[in-house]
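Below you will find the structure I want to go over with you.
Should a chain be cited, it is by its letter among A, B, C and D, assigned in written order, with residues numbered from 1 in that chain.
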Amino acid sequence: MTPQGLLLVGILLSSFVPGVMIFFLKERSHGLRTGLNLLGAVVKLVLVGVLVVNVYQGRSFSLTLEFLPGLPFALGADANSLLFVTLSAFLWLWTTLYAIGYLEDSAHRSRFFGFFSLCVTATIGVALSANLVTFLMFYELLTVSTLPLVIHRGTREAMQGGIRYLAYTLTGGAILLLAVVWIQDLLGPVAFQQRGVLDAVVDSHRTELQLLFLLFMLGIGVKAALVPLHGWLPRAMVAPAPVSALLHAVAVVKAGAFGIVRIVYDVYGVESAARLDVLQPLAILASVTIIYGSIRALFQDELKKRLAFSTVSQVSYIVLGTAILGPVATIGGLVHLIHQGIMKITLFFGAGNYAETLGIHRVSEMNGVGRRMPWTTAAFTIGALGMIGVPPVAGYISKWYLQKGAVLAGEEWVALVLGASSLLNAAYFLPILYRAWFLSPPERWPAEHHFGRWETNWMLLVPPLVTAALVVLAGVLAESPFSPLAWAKLIAAQEYGP
Amino acid sequence: MSHAGSFASMILAPLAAATLAFIFPRLGRWLAFGTAGAVSIAFARLTRLLLDGGVQVHRVGGWGAPLGIDLRADGLAVFMLLITTAIGAAVMLYALRYFNARRSPAEGHQERYFWPLFLLLWSALNALLLSTDIFNLYVTLELLGFSAVLLIALDGRRAALTAALRYLFVSLSASLLYLLGVAIVYTRCATVDLTLLATRAQPGFPLTIAIALMTGGLLVKSALIPGHFWLPPAHANAPAPVSALLSALVVKGSFYIMLRLWFEAFPGLITPAAGNLLGGLGAAAVIWGALNALFQKRLKLLVAYSTVAQLGYLFLLFPLAAGHEGRFTAWSGGLVFLASHACAKAAMFLSAGNVVRARGGRDEIAHLEGMSSLQPISTFAFGLAGLSLIGLPPSGGFAGKWLLLRAGLAAGQGWWVAVILIGSLLAAAYVARVLVHGFTRAPVPGPARPNSPLMEWTALALAILAAGMGFLSVWLTDLLQVGAPAILIPPAGGAP
Amino acid sequence: MMYFDDRLYLIAGAALITIGLYALLAHRHFLRRILALNVMGSGVFMVLITYSARTAGSIPDPVPHAMVITGIVVSICATGLALVLAECVQALTGRTELSDERETSEHTGARPDTSDEQHQDQSP
Amino acid sequence: MLYLFDLVLLVVIVLLAWRSLNDADLFRGTVSFIALGLLIAVAWVRLRAPDVALAEAAVGSGLTGALILSALVRMRRRGRDAPRPNHAGGAIPRRLIGVLLLALFLCLCGAMLRLAQWPEGLTETALAELPASGVSNPVTAVLLNYRSYDTLLEVAVLLLAIVGVWSLRRAEWPGDVRESYPLLMPLLRIVLPTLVLAAAYVLWIGTSKPGGAFQGGALAGGAFVLMLLGGFGRRALRHRYRMRVALSCGLLVFIAASVGTMLLTGEILRYPAGFAGHWILAIEAAALISIACTLGLLYLGGRPEEAGDGTPVNRSVNGSKNGSMGR
C-alpha cells in the first residue's frame, strides 16, 4: 500500500477506530470516551489538512483493494471529494464537541458516540469513494450507522421516526443498487475520474440511460430529500440536536446532494447528461422542492421542524446548481454544499441550545430569548440571515452565482424560483429573529438550566460561535484563494475545461 | 498418499471423536476441541493441495468408480468445507459454555449427548461434501438428518420434540424418494458416481423421473417452498448452537447435492423450464419467508423464517446459472451468498440464543427492551449479521446478490432482479423490527443472567466474518473456479 | 437362470411406494407413519433388487444387494429412533398424533408444567 | 407356474401392505406388517437375493416388528388418548392425495418399465475383482471391500441410533415375564446359546455364502432381545461403560482399519494384498458385536439407567420422558 493510499485509509480509520473502541467502553468512563472522540476528530482534521495541501501541490491520491470480481474497492481524492471531506471533517470536530456537551449525563453514551463516529466514517467514505460500488457501500453504511442515532432516545416517536427513515433510505439504497449494477452491466466498472465513458453509448442506449438516470435520482434523491422523497426528514427530527445537526449539515442530506453531484458530473458528465435531456426535469424537480420546502417551513411552529423543511428547500439549491448547464451555476451549487452546511449547523446548534438551556422547542416560545442567550441568538441570527441570502453572508454568494448561472444558461424562470424562495425564507426566519430580539421574555422559561458564568454550557456555546464566524468569513472573504468559492471555481473549471 | 491423510482426518477424525465422546462422556468437550483442530489442519492442507495441484480425488479401497467409491475435493467442495469448518469450530466454542453440567442436571444430560451428536453431524457433513457417489450421499444424508433431529430433540421441551419428530418423518420420506431416484439411475447408467454419470446419462423418461424424484426429496430437505413447513419450528425450538448448525450448514447439505446433480451429473438433461420452476419456487420462498418473518412474535421463529427466505435466494442460481450468459457469475453469486448466509445465520442464532438465555428463556420480540444495553455485543452481532442478510455492502450477502443481479441482467432475466431487491427490503424490515425493539429503553435492568463472554464473542466473530465477506469474494470465486462444472464456463471466452 | 417376470415385481414395488406415501400423508398416528415409511422403503428395495436380478450376468448384480442391506440397516435405525421420539412426544403431549403447526410453534405453554418434573427426573 | 406364484405372492404383498397401514386396529396392522416382511423375504429369495432375504427376515420383519409392537404396547399403556381408530384425518384432502399419488404411481411404472435396455450393471466387474477382494461372496465383497466406505458410515448410523435413543429417554424395562411363562427360562437357556452360535456361523459363512455381519448381528441382536425379555442381563447392563464399548467397538475397529490401511497402502480401506480376508473378518467380528448390542438396545427403547434397574417398569409419564427434559 502506497503512502498516498495510507493517508486515505488513515482519514477513514481516524474515526472508525475510535468509534469501535468507544462501543466497548464502560458507560462511566467518560474521560476516556471524550478523549478518544476529540482525538479522532482532531487527527482526522489534521490528516485532511495534509491531504488538501498535497492535492493542492498536484499529488494524486488513490487506493484500490480487491472487492468484487472485476470490481475493486477504490478510494481517491479529487477536487469534488476534497470539498466534501473538508466540510465533513471540520464540522465533525465541532459537532463532537457539541454532542459531548449536549449528552452529558444521559444514558447509552458509548453506543451513541460509537455510531456517531461510524456515521462520520461513512460520510468521509462517501466523499472519498472513487467508483460507484465504493460509493454505494459507504452510502449504505451511512444509512445503517445513522439509524441508531435517530432512535437513540428509545421513545415511541423515535422508533416511528427511525422506521420511516429506514424505509425511505433503504428503498432508495435498493434502487441505487439496481442502478449501479445496471450501469456496470452497460459500461463495465465506473470510476469517477474517467470522464466521458458514457459519450460512446449515449446515442445507442438513450432510453436505457435516461431510465438509469431516473433510478439514480430516485436512489440518491431520498437522502437529498427531493420532493416527494423527503418524508423521512421532518420525522427524523426526534433525534437529539447534535444528530439533527449531523443529518442536515454534515452527513446524510449532504451525502445525497454530493451523490447527485457525482452522478451528474462524474458518471454521466454534464454534456452527456444534457444530450440525454435529463437535466431539465431535474432542475424542475429541484425548483419544486425549493418552493415546497419553504412553504411547509412557513407553517411549522416547532423550531426543529421548521429548520428541517428549510433543509429540504435549501439542499435543492445544490441540486439546482448541478442541473443547470454552465460553469457559473455549477459554482453556485457546489459552493452551496459548503455554505448550506455551515449555516444549517449553526441554526441547529442554536435550536439545541434553546432546548437544552431553556426547554424551548417552539417558535412561539422564543419571545425575548435573545436577551437571555445573546451569544447563541447572535449566531442563530447570522445563520438565518445567510439562509435568506442577505449580503455579505455566505448564502448570498451561493444565490448570486445560481441566479447568474441560470440567466447565462437561458433559464430565466429559475431566477423567479430563487427570488420567491428568498422571500419565503425571509418570511419564516424573520419572525423568529423578531421574537427573539424584540419581544419581551416570559416570566419563566419552560425548563431552565443554569451553567455558571456563561449563558449555557461552554461546549454548547463554542461550536455555534465558530460556525457562525465561518458563515460570515465565507461570505466576506469569498474572493480569497482558500475560500469555498475559490474551490468551487476550480472544480467548475475542471468540469467544463478543455 | 499426500491427500489421503487430509480426506481421512476430515471424515474419520470427527467420527472417531464422536465414538470416544460416547464412551467417555467427560472427555466430550476436549475431543470436540481436538477435532476442530484436526479438521482445520486437514482443511488447510487440502486447500493447499487444491490450489497447487488442482482437483484431488481419493479412491477409497483403491478400486475407483464405478466399482468403488471416490472422494473428491474440488473448488466447490473445499469452499463448502471452509464454511463447515469455520462454523463448526465456532459452534464448538459456543457450546463449550452453552451447556454446562454444573448449572443443572438437565444441562449435564444435554452436554453429555451434545458432543457425540455434534461430532457425528460434523463428520456426516464432511463426508457429504467430499463424496462423489450418489448412493454414498444417501447414507451421509441419513447420518446428517438423524443427528440433526436428535440435536433438536436435545432441547427436551414439547415443541422441540414435536418439531424433531416432524422433521424426522419429512427427512426420512424425502430420503426414500432420493433413494428411489438413485435406484433408477443405477439401473440406467450402471454407476452411481457423479463424474461417470456425466458421461453416461442419456435423456429419456426414466432418468427424468429419477432426477425429479431426487430433486423432490432434496428440495424438501433444503426447505424450499412448499417443503418448508417443517423448518421454522425445528430451527426455532432447538438449542441455540444447534439452531445455528441447522440453519447454517445442514439445510445446505442437500442443496449442495442438488448442485452436484444438476450441474455436474445431469447438466444435459435439465431444461430451462425446470430451472425456472426452481427459481420461481425460490422467489416465492424469498417473499413468503420474509413476510412470515415479519409477523412472528418470537425472536427465534423470526430468524427461522428468515432462513426460509434466504434459502430461496440460493435457488435463483438454477435459472441464472443455466442462462445463456453469466453462468459462472450466477454460480459464484449463489455460493458466496450461501457462505455469507451460513455465517450470518449462525451468528444470528447464537446471538439470539445469548439474548434469550439472558432473559431466562423468554424470546418474545415485544419484550426485548433494553437488549442493546444489556447485551450490547450480542445486539451488535445480530445487527451485523442482519446487514449481511439484507445484503448491504461490504457483506457477503451483498457480494452474492451483486453477482446474482449481474447474472440476471446479463442473461436478460430481469424479473429475478426484482425479487432480489424486494427480498432485501423485506429482510431489512424484519431485522429492523428486532433492533428497534432492542433499542427501546429497559424499564428496569431485568433479572439478566450474564452470558459467558466466549458465547458473545463467538457470535460477534461470525457476524464480522459475514459482514466483511465481500472483501473475500474474489478469493472465494477463484476457489470456486477450480474444477467448476464444465457447463458453467462457455466454450468461447471465459466467465465475465 | 430362473424365469421371472420383472414387470410384476416393478409394479408391486411402485405400488408399495405409493401405498406407503399415501399412508404417510393420510394418517397422522405416529406408528402408522412409521409403518408407512417402512413399507415405502420395502418398495424402493424391491425396485433395486428386481433390477439387480434382471441383469444378464450369471448371478444377480451384488451391488444393489449391498445397497439394500445398507438400506435395511438404516431403516431399522430410523424406526428405532422414530419410535422413541414418538414415545417422548406422546409422554409430553398425551397425544399420538402430531399437533398442528400453530400449536407447536408456541412453546411457552409447555414450560411451567415441566420445570419441576425436570429436577425430579434428573436428580441422580 | 412360477409366474402364477409370483403373481399371487405380489398381490398378497400389496394387499398386506395396504392392510398393515390402513387396518382400523394398529395391533393387527403391525402383525400384518410382520407377515409382510416375511413375504418380502420370500420375494427376495425368488429374486435370487438370499443375503438380502436373510437381512430382511431378521431385521426388516422380525426386529422392526418387535420394536413397533413393544412401542405400541407402551404407548397404549401410557396413552391418555388410546390410539384412535383408523382414518384419523390428514392435513391434505384425501382425494387430492389419491389423485396425485395415482399420477405418481403411473409415472413410476412408466419410468421403471421403460428401462428395457439397461447396461449390464456391475456384475462382471464385481466378479472379475472377486479373487482380489478376500472373500468369495460377492455381496460381502461389495459391503466390505468395494464399497466398504458405505458400510463404515452405516455402522456410524447404528452408533448414532443408539446415542440418539439414549439421549431421548430412559428405558422402560419390559415387564417381568418369567412368572407368567414358567417354561420360558429353560427354553431360553437352550435358545440363547444356539442363537449366538448361529450368529457366529452366519458371520463366518458370509465370506463365501449368503450371510455376514449384518445377518449375524441381527441374529445375535434377536438373542439379546430374548435375553432382555427373559429378564437376563439387567445386571450386565449396569456396567454401562462396558456396554458403551461394546456398542462402539464396531465403528472404532472400522475407523482403525481405515487409518491402518491408509498408512499401509496409501488408500483408505485398501487392504494389503493377500490379507484382505483377514481384515474383513476382523472388521466384521467387531461390527457384529456392535450390531447385536445396538439392535438389542434399540428394542429397550431408552438408556438403561441404574434408577430403573431391578424395579418394574416406571409407568408414569414422568419416568418416560426424564432425560429429555433439559432446557
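Here are some notes:
Keep in mind that, in the parts below, a contact is a pair of C-beta atoms (placed from the backbone, for glycine too) under 8 Å apart; a residue touches a chain by one contact, two chains touch by 3 or more.
Here the structure is a predicted model, which is why all the values come from computation and not from measurement.
Of the two chain pairs considered here, B-D and B-C, the higher C-beta contact count falls to B-D. Ranked by how close its C-alpha mean sits to the mean of all protein C-alpha atoms, the top chain is B. Work out the mean CA point of chain B and of chain D, and you get 31 Å between them. If you average the CA atoms of chain A and of chain D, the two centres end up 73 Å from each other.
Centre to centre, using the average C-alpha position, chain B and chain C are separated by 25 Å.
Averaged C-alpha coordinates put the centre of chain A at 65 Å from the centre of chain C.
With touch defined as above, residues shared between interfaces to two or more other chains in chain D number as follows: 108, 112, 115, 118, 120-122, 126, 146-147, 150, 154, 157, 160-161, 164, 168, 323-327. Annotation for chain B: residues touching 2 or more other chains are 67, 104, 106, 109, 135, 139, 142, 146, 149-150, 153, 156-157, 161, 180, 184, 186-187, 361. Shown for chain A are the residues in touch with two or more other chains, of which there are none.
Interface note: chains touch in the pairs A-B, B-C, B-D, C-D. If you check the complex, the residues on chain D that touch chain B are 107-108, 110-112, 114-115, 118-122, 125-126, 129, 145-150, 153-154, 156-157, 159-161, 163-164, 166-168, 241, 244-245, 247-248, 251-252, 255, 258-259, 262, 265-271, 323-327.
Chain contact summary for the complex, chain B toward chain C: residues 67, 104-106, 108-109, 135, 139, 142, 146, 149-150, 153, 156-166, 168-169, 172-173, 176, 179-180, 183-184, 186-187, 229, 232-233, 236-237, 298, 301, 361-362. Across the interface of their complex, chain C is touched by residues 2-3, 6-7, 10, 13-14, 17-18, 20-22, 26, 29-30, 33, 36-37, 40, 43-44, 46-49, 51-52, 55-56, 59-60, 63-64, 67-68, 71-72, 74-75, 78-81, 83-84, 86-92, 94, 97-98, 101-102, 104-105, 108-109, 112-113, 115, 118, 120-124, 126-127, 138-139, 141-143, 146-147, 150-151, 154, 157-158, 160-161, 164-165, 168-169, 212, 214, 291, 295, 298, 301-302, 307, 317-327 of chain D.
Interface residues of chain C facing chain B in the complex, by the touch rule stated above, are 17, 21, 24, 30, 33, 37, 40-41, 43-44, 47-48, 51, 63-64, 67, 70-71, 74, 77-78, 81-82, 85-86, 88-89, 92-93, 98-99, 101, 104-108, 110-111, 114, 118-119, 122-124.
Residue ranges of chain B in contact with chain A, taken from their complex: 329, 332, 372-373, 376, 380, 387, 390, 392-394, 398-399, 401-403, 405-406, 409-410, 417, 421, 424-425, 428-429, 432, 435-436, 439-441, 470-471, 473-475, 477, 496.
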